[in-house]
Structure formats: C-alpha cells, structure tokens
Amino acid sequence: MSTKPSKTLETFPNPNPERDYTIHMEIPEFTCLCPKTGQPDFATFLIEYVPDELCVELKALKLYMWSFREEGAFHEAVTNRILGDLVAATQPRFMRLTGKFNVRGGIYTTVVAEHRKPGWQPPLKVELP
Amino acid sequence: MSTKPSKTLETFPNPNPERDYTIHMEIPEFTCLCPKTGQPDFATFLIEYVPDELCVELKALKLYMWSFREEGAFHEAVTNRILGDLVAATQPRFMRLTGKFNVRGGIYTTVVAEHRKPGWQPPLKVELP
Amino acid sequence: MSTKPSKTLETFPNPNPERDYTIHMEIPEFTCLCPKTGQPDFATFLIEYVPDELCVELKALKLYMWSFREEGAFHEAVTNRILGDLVAATQPRFMRLTGKFNVRGGIYTTVVAEHRKPGWQPPLKVELP
Amino acid sequence: MSTKPSKTLETFPNPNPERDYTIHMEIPEFTCLCPKTGQPDFATFLIEYVPDELCVELKALKLYMWSFREEGAFHEAVTNRILGDLVAATQPRFMRLTGKFNVRGGIYTTVVAEHRKPGWQPPLKVELP
Amino acid sequence: MSTKPSKTLETFPNPNPERDYTIHMEIPEFTCLCPKTGQPDFATFLIEYVPDELCVELKALKLYMWSFREEGAFHEAVTNRILGDLVAATQPRFMRLTGKFNVRGGIYTTVVAEHRKPGWQPPLKVELP
Amino acid sequence: MSTKPSKTLETFPNPNPERDYTIHMEIPEFTCLCPKTGQPDFATFLIEYVPDELCVELKALKLYMWSFREEGAFHEAVTNRILGDLVAATQPRFMRLTGKFNVRGGIYTTVVAEHRKPGWQPPLKVELP
Amino acid sequence: MSTKPSKTLETFPNPNPERDYTIHMEIPEFTCLCPKTGQPDFATFLIEYVPDELCVELKALKLYMWSFREEGAFHEAVTNRILGDLVAATQPRFMRLTGKFNVRGGIYTTVVAEHRKPGWQPPLKVELP
Amino acid sequence: MSTKPSKTLETFPNPNPERDYTIHMEIPEFTCLCPKTGQPDFATFLIEYVPDELCVELKALKLYMWSFREEGAFHEAVTNRILGDLVAATQPRFMRLTGKFNVRGGIYTTVVAEHRKPGWQPPLKVELP
Amino acid sequence: MSTKPSKTLETFPNPNPERDYTIHMEIPEFTCLCPKTGQPDFATFLIEYVPDELCVELKALKLYMWSFREEGAFHEAVTNRILGDLVAATQPRFMRLTGKFNVRGGIYTTVVAEHRKPGWQPPLKVELP
Amino acid sequence: MSTKPSKTLETFPNPNPERDYTIHMEIPEFTCLCPKTGQPDFATFLIEYVPDELCVELKALKLYMWSFREEGAFHEAVTNRILGDLVAATQPRFMRLTGKFNVRGGIYTTVVAEHRKPGWQPPLKVELP
C-alpha cells in the first residue's frame, strides 16, 4: 500500500458478520482548509459503526483523512461527505460520524451524522447496572 | 459582513437537508447586564440542533451574542428569547439551547429550553455499546 | 428584600409558561445541625425543575436555605421537606431535589426526591447523537 | 448503640413513605479476607435504594460492614449476601448494591446486584434536558 | 492451578443463580502481536456479564489473556474470538466484551461485541434519579 | 470531652519530638458570618505543621472550628487569628494555615499565613526525582 | 459604596501587618475590547500579594475590573496597567498579577507581571514534605 | 515465604548501590484500629527511598502492612513507627514515608516523616525544563 | 497584514520594557511533514518569554506556524529552529519553547529548548505560600 | 532498519549540540517477565535527557524496549540497566529514566534513576512566574 494521501478507502472482510458488533475509531489528526479564508482548520473525528460485510482498513483510513489536507471544506459539509464516503466503501449496518472542530471566533462546533442501512434494526439494548 | 454587534442572525443553506444530523455549538463568551443591579452577568451557551433548510452562520452568531453586552436580561427570559431568535432565523427540525450562568449569591443557575418543529419525529435512536 | 434567613420562598412569574423548559440551580452552601449530636452537617443541594406559572427567586432561595442553619434535620426528612416547600411555593410541572451530604462515619449519603404535577407528561425526549 | 461489629442492621421509619425517592450511600471502607489465601481484600460499596417503611440506620450500617473484617468472602457471594441482609432488614421497594473490589492479579472486579419488591413499579422516569 | 498461559477458562458455580446480577472485570494488561508487522499490540479488555450457572475464575482468566502474548491477532477478530471462548466456557445469560487498543497510525480503535442467551430477557431496568 | 463549640484547643504530647515531621489536616466544613452583611461565609482550611512538644487534638480542632459558626469574621483577619490560636496552643516549630473562601461577588479569595518558631531551621530539603 | 464601574480601588487597613502573609484573589469575569477589531476579549485574572499597610477591598476590586468593559486594551499592556493601579492603591510588599486570555486566532495568551517593594525580602521559604 | 501478617521486613541486595536512585512504593490498603474507639481506620501509605545496600522486598512489605490490622495505632505514632521499622530493616540513604488517613470527624489527616542517613548528601538536583 | 503562511515574524514594541514580565502563548495547531515518510506530524507548541524591546505579534505568529505545513521537519531540529527564529525576531531577555509531538510508534516525544540573553539575570524568584 | 526486537540502540547526530535542551520520551508499552513467577509485568517508561553529540532514534528505541518482552527482569535492576544502555549509546549530558510498574500484590512501584556526565553543570534554572 502506498503512503500518499488518497480518497480510496480500502476494506477487508468483516471476520464476524454473523454478529452485530461495534467498531469505534478515533482520529485526532484531521486538518483541512477554511473555504472562506484559506487558513487551516483542525478537527478530531470519531467513527462508530456496526460492520456488515466489510470493515475499513486502518492505514487506508489514515491516508483518506490525510487527503483533505489541501482541500477547502466547511464543517457541516465535510462531515456529511466523509460519512458518505465511508458508507459507500463499507456499506455498514449502521455508522455514526462525529467531527469536533477546533474553536473559531470563540465558538466550538461539533457535527454528528448517522447512516442506518434500510431495514436494519439495532439489537435489543441491554443496559447492565 | 460587518463586525458590530447585531441582532441579525445570518444563515446559509443546509448542505445536507436529506439527512437528520446534529450541529453542536458552544459559546463560552456571553455577557449581559443584570436587570436588577445593572452589574455584568456571564454565561456559557450551548446550541444543539437538527437543521432543516438553513444553518446559522458562525460569525453572525458571534455578533448576535455580542449584541446582549449592553442589555439587561434575566437568566430564564434571555435563554428563551435567544432560542426564539435562533428558531425564527433557522426554522430547525429541533433545537436545544442551554445557558450556564456564573455563580450569583452562591447559587449556580442553568436554563435549558427546546423547540421541536411540529410534526417532526426524531430518527430511531441507535445506542451502540 | 431583607437579608435575614427566612422560610418564605418568593417567586416571580415564569416568563415563558407556554414551553416546558428546565431550570437547574446548584446550592453548595447548605448547613444544618444533626438532631442526634447537635453538631453541624453540610450538604450541596441541586434543584432541577420545569416551572409552571412561577419561578423561585434566587435571593429568596438563598435566604430559605440559610434558615436551616440553626435547625436540627435528618438527611432524608430535610430533603423531602425542602422539596415540599419548593413545590408549595412554585407549583412546578416537575421538580427534582438532590441533597449530597458530607461524609459522616465514613459514609457518604445522597437523597433524591421528585414531584410531578398530576396529569403533567414530560415532552418527547429527543436524544441527539 | 454499641460500637462493635455486628450483623444487626438497625432501621428507622421512613419519614416520607408516601413518595418513591432514592437514598444513595457510599461506603469506601470495606475489608474482608480472601477465602483462598486468607489475605485481606478491600472494596468500596454503593447502596442505592427506594425505601418503603424502613430506612437503614447509618451507624448500624457502618458496624455491619465492619463485621466482615475477620470473615472469608468471595466477591460475588458477599455482594449478594449483603444485598440479602439489607433487603431483609429494610424491605425496600427497590435496592441496588455495587461492590467495587481492589485489583487482584491485575484484574479489577465489580459486582452489581438488585432487588425489586414484587409488584413495585418504578415511577415514570423524567429525563430533563 | 498452574501459572502458565493457557486457553483453558476454568469456572466456578454461580453462588446466586436465582438472580440476574452483573459482574464487571477490567483487564488492563493484554498484549498480542500484529499479524501484519509482527510487532506487539496492547489493549485493555472489559468484561461485563450476567452469569447463569457458571462464573469465570479470576486467575484462569489472567492465564487465558496471557496466552495471546505470542499470537498474531487482528483487533476485530480477537475481540470476537475472546467473547466466543468466554461464552463457551461460562454460558452466560448475557456478556459484553470491550477491547480498547492502543493508538496505531494515529488512530485509536475500540471493538465491542455482545452475546445474549437465546430467550433471555434483561430484567426491568430501574433508573433511579 | 464535650461536643459543643469551644475556643479551647486541646493537645496531646508529640509522640516523636526527636524528629521534624509534618502533619497536614484538611477541614472542609468551616462557616462563619460576614461582618458586613451578616450572611454566612464558607471556607476550607488546611493546616500544615511541624509539631514541637504538642500536637493538636482532632476532635478539639473540630469543636474549635465550629466555634466560629455564629461569629462575624473577615477573611484575612480570621485566617490570621486561627493561626495565632493554633500557635498559642501547640507552639509548633512551623505552621502554615490556608483558608480558601467560597466565591463572593464573583471573586475567589484564599489567605495563607505562616508561623516559624524563632531559631528553628527547616531540615535539609531532599527532592527525590 | 456605589455599584458602578470605577477606576477607584478602595482599600482597608491590613489587620495583621506584623506578618508577611499571602492573599490570593481569582477574578474569572474580566472583559474588555480588542483595540484592533473592537470586538470583546475575555480573561481570568489572578492576584497574589503580600499586603503591607493596606488590602484591596473585594467589592471595589470587582467594580474596578468592570471599568474595563468598554475600553480597548491589549493583553500585555492591560495586565501591566492593572498591576500598576493595584500597586499604587495598596503599596504591597509583593504582588503578582496573571491575566489568562481566551483563545484568539487559535492561540492562548497568558501574561504574568510582578512588583516587589524596594528592599523587601521574602521570608525564608519552608517547603514541607 | 509464608503468607501471614508479620512484622519481619525481608530485604534483598540493592542491585545498583553505586548510584543514588529512587524507589517509590504506594500501598493503598492499610488498615488498623483507632486506639480510642476500637473502630477501624484506613490509610494509603507512600514510601520513597534511596536504597543503600538493601531494598525492601515487595511481598514482605505487604505482610508487614497487614500486621497492623488488629492493632491500635494513632496516626502520628504509627507513621513514625513504620518509618523506624523500614529504616531499621533497610538502612537507606534517605527515606520518606507518607500516611494519608481517611476522613474522621470531617477532617483529613496526612502525616509525613523522613530519615536521612548521617553524612549522606542528596546528589545535585537537575531540574529539566 | 496578509493571511498567507509566512516565515516573517512581525513584532510590536514591548509596552512595559521597564519590567521583567512573562508572556505565555500556547499554539495547539502545528502540523508539518515527517522527513522520513512524508506523512503529517502534529504538535502543540508553548512559548514562554520575557520580552525586551519587542513582542511577537499574535497573528504573525499564527502565519509563521502555518508556514511549516508543507515542510519536512524532525522534532528536535524544528523545535530548535523555531526558537532560533523567535529569538532573532524579538531578541528576548529569556525564551523557552516546548514542542509536544503526537504519538508515533507508540512513543510520545516532547522537546524543550531555551535561550537566555547574555548577561540577563532572572529577577529574584518569590514563591508565595 | 529491521522491525525485530533488538538490544541495539541506533542514534543520530544531535542537530543542536551548541545548546543544552531537553528531550522527553514516554513509552507506555513496556512488558517483560517476572523472574520469580515467570508471569508478565507491565510498565510505562519515561526518558528525559539533555543530548550531547547523539540522540536516540525513536524506532530503534521502540525495538529496544520490545527486546525485553521475553526476558525476566526485576523492577530496580531493569530500570538501572536500561539507563545504562541508553547512556552507553548516546553519552548524554544528563539523563533521567523513570519506570512506573503496574500494581503487584496491591503495591505500585516506580523506580527513577539518573546519569550526569562528569563535569557537566545544568544551565541556570529560570523559573518564570
């Protein structure tokens, strides 16, 4: 695998597709450019998903995130776009993407978007005491 | 855009209106005046909303918050009023506004108000383990 | 308004009775006397309520809390009593009172009591991701 | 009241049996002996309960916890046993007991057990924003 | 009992099978090898389960976790595999396994998998205020 | 010993006067009255001292702190006064008293005063890495 | 005393001038205007001083801090200016002023300035273990 | 080695006596009895020492701490006594012992005592930025 | 002033050169490229300095930090280089630069370098209790 | 460079030998075996050093730490040994090594050792307020 920024999101087969389980991935090193000012923006992204047939490959995910380094991107749009790319690549049963952006103008912005596969129902929630 | 305090809340089109997603904005730099004593009050505001057609513009939001600097405002009323202004400007599917006011008389006050668009139902809540 | 301890809980009209919203008040400076030993007890109280027609006035609340300074009071009874007084004064749609008492005999005690107005239903809970 | 370890759990009448409310008690000073090795074990216990007619007396609870100091006790069994004793003494509407044991063999163990009075239903849960 | 790494998971009879209760076990000292690079990986595992007839023995659990020290293991697969082994050994009413892996490539990965015994329903969830 | 507030500070003989060692005592439950407004003030006090022939008795210290409950006291003066009383009672080699007062008028005040016995030199400070 | 912003810093006589002791005051509610943009700036100030003949009065200090609300002020200059005003008013043996300014342009700035009375030497520093 | 409480403190030869270095040991599981009331006391002990020819053996230290479980002990005296026993057993170049006792009567007590070998000087303190 | 990355560090005259005082600046948004792999590195920088005749301008500092975004830079060298540039631009009495780099290969690296103007002595350090 | 465990500590030339500066490296993923029981031990190591002509290479350091995975090692001896190896490889002006070992037998052990090059004096310590 190359080590250049890339919009390609490689995957590998889910080793346990018989079960609904959750994968969390926290990526504290996202940076893009503000489309208005051209100045750098910084964010931490959090992916939480229930894989179906495919899981996203960790190193490819890193290169994908890197690919925004030179691009202009609004907070709301880029969070929805990354969710769209991840869903297209992995077709998960469920995925939630959270983008926590660094303070700008004294205001902290976080954007959270979700995708649920049509027809998929989450398993019974068991809350242990 | 000017950089003066203003009650005008500029907006921009929601880039992903096809999806219910959440925008959080934390504004730690709110100050107004106590209507009883005339002395400054301070608060941190937190906006959480599901946009419909419009999103609130970050810089305009900052100028809006600034516009209370010389105004007298009770904790409960000003929180409800700001929620009303934000709802009028953005017509969101859902919005929650939290105002955490600094201690006065040894007592800490926080006010939380919500608006839900008539007929809008929140999407299925998926709680991942 | 006087500045003496008082069991009177002054109120003011809820500025937004058309909406169910929440007021949190944290009061870290409560002290009374232990009815068994006569020694001082200390607690932090937390009020959370949905006002109906009336809100409790902050300074009056402070004087009310002060009024227990010379009184003997058991943890469970005094928490229920204060809830009763606050409910009688403000007739809220809902109120929860939490009393966190300082350690005694190596044990930390917290008491939580609630009042719900007959017939009042909480609004649809919207849990944003 | 004596100040010796005792399995007797004294109670007092619940001052507000007309209401479902919660009492939390945190007891950080529990020690017993490991039945396998005879060496001391340490734990913090947390009681949360909705009293019915009786509340557990704080000092008696302390002496009761002390009574395990010389006894061998497995984590799972002793947590269930203490819950049983507390339920027998106070006949609560609901009680949850949590035992957080200190690390042994590099592993941290916590045991949580609950008792619900037959027929008792918890009151409507009101989650304030 | 030997003190060598072992895939055998010894158990002991649940002392209180008449009740649904929860056992939490936190194991901060897991290490295996990355199947791609051969380099060590590190994780903290958290087990939460409602035992049926059997509980997992603490020392055997430690030796079991140790048994992965020389093995190659992917994050997703090893979490599901350990859950499978624990379920096979203890046949619990419910079990959740969480594996929090140390940062790799600037990304933090956590995997959470659950098993619910067919037909078992969790007891009424009582959420105390 | 009585259990009434008292300005008497009972002592006991230092069991190890041959050595300079330190006793820290933290007292989070101090309350007095503001001499200007008559309203309650609250503080946490911290005593750190090197005893000479006498140590202050813990229960007497508690009763002494209680004795300020009905008295008017300015922050600076009461901290210096308590230090003076403790020094008079125990004649320590060194004593530092810190009074951390709760917020008033949006300002947090802490007062720290020290007493060193004439001629006493602190032992060589050993700072371990 | 009036309750209007004022550059006058009222004082009161140090009740214990015979001793070098320390007064800490933390003021989290400072706001002024940026001289370049006219927009509000926010800071927390911390005063630490050894009083000589005079102490600064708490309420006057609050009004003094308020007096910057409508003024333009650079971070470095305003911190030095406030130190100068406090020194002029109280003539302390020693004073340190710390201004912690809210993030601007993604950068957090803190300014710390000190004044030592000519000829004053700090007392022997006793560091207790 | 037996696994019974014992006042014997076994040692092993310092593997690097040519160098002044520091060993920290934190023991959170100390309990003894209050000589006045007979009730259990609890503390966390911290040992910091520069070994000379001997180091204290970890398991023996645990059994030594256990040996106080049935003994009456005042805070000040027991801290000095344990330091004395450790010094007698290991003859260290320097040792500091800190006993942090659980809250009693609303007051938290910590005792810190040190021993320095006659003639031993700590090495040059290097404080890196 | 332009808003493009720039190695030029603009300054402004120190408003209070008559006094040694400290300016702290924390810059959490530094990113450069690893010279070995070409992949992005991330760091937080902290500047602490005593200005002489000149202070570094905040916005210019931001643009300067931005200028490393496309450059390859080793941790140790880039920290020393930035210190050199800042010293060349401002000729401070003293400056300390700390670069805290994100984890790489499971290892966290922080580099700290200082510059002291020849002949400058820090003022008497006053440590208040 | 290979990616196998290795006792070889590769170095690179210090890019700024003209200055005394500090490099901190935190390595949370150390594991070896207990020489008594053969069971795994875990620790976090912290290196702080002032390089002279050579710096330790990050990836080589990782492989070096990995090389202890199959070796028996006592806490005190292995910390001193690693310091010795690092000093032999880099000949630093000063180095401090801290090994924080996971709890064993309820006791937490940390070992700290230092090396100072003969004749090297640390630069003047400047403590900024």
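Some points to look at:
Residue numbering begins at 1 within each chain, and the chains themselves are lettered A, B, C, D, E, F, G, H, I and J in the order written.
By our rule, a contact is a pair of C-beta atoms (placed from the backbone, for glycine too) under 8 Å apart; a residue touches a chain by one contact, two chains touch by 3 or more.
This one's a predicted model, so the numbers in the text were calculated from it and none came from an experiment.
Common neighbours of subunit B and subunit F under the contact rule above are C, G. Counted as hops between touching chains, the shortest connection from subunit C to subunit H is 1. Taking the mean Cα position of each chain as its centre, A sits at the greatest distance from subunit F. Spacing of subunit B relative to subunit J, judged by their CA centroids, is 51 angstrom. Subunit H and subunit I have centres, each the mean of its CA atoms, that are 44 Å apart. Subunit C has its Cα centroid 27 Å from the Cα centroid of subunit B. Per-chain CA centroids place subunit A at a distance of 55 Å from subunit F. Each of the following residues of subunit I touches two or more other chains: 22, 28-29, 96, 102, 104, 106, 112, 114, 128-129. Pairs of chains meeting the touch criterion are A-B, A-C, A-D, A-E, A-G, A-I, B-C, B-D, B-E, B-F, B-G, C-D, C-E, C-F, C-H, D-E, D-H, D-J, E-I, E-J, F-G, F-H, F-I, F-J, G-H, G-I, G-J, H-I, H-J, I-J. Interface residues of subunit D, counted against subunit H in their complex, comprise 3-4, 28-29, 31, 37-40, 42, 66, 69, 102. Of all the residues in subunit G, the ones that touch subunit F in their complex are 14-16, 19-29, 51, 55, 58-59, 61-62, 123-124, 126-129. Those residues of subunit G that touch subunit H in the shared complex are 128-129. The touching residues of subunit A, counted against subunit C in their complex, run 96, 98, 112, 114. By the touch criterion given at the top, residues 102-104, 106 of subunit J touch subunit D in their complex.
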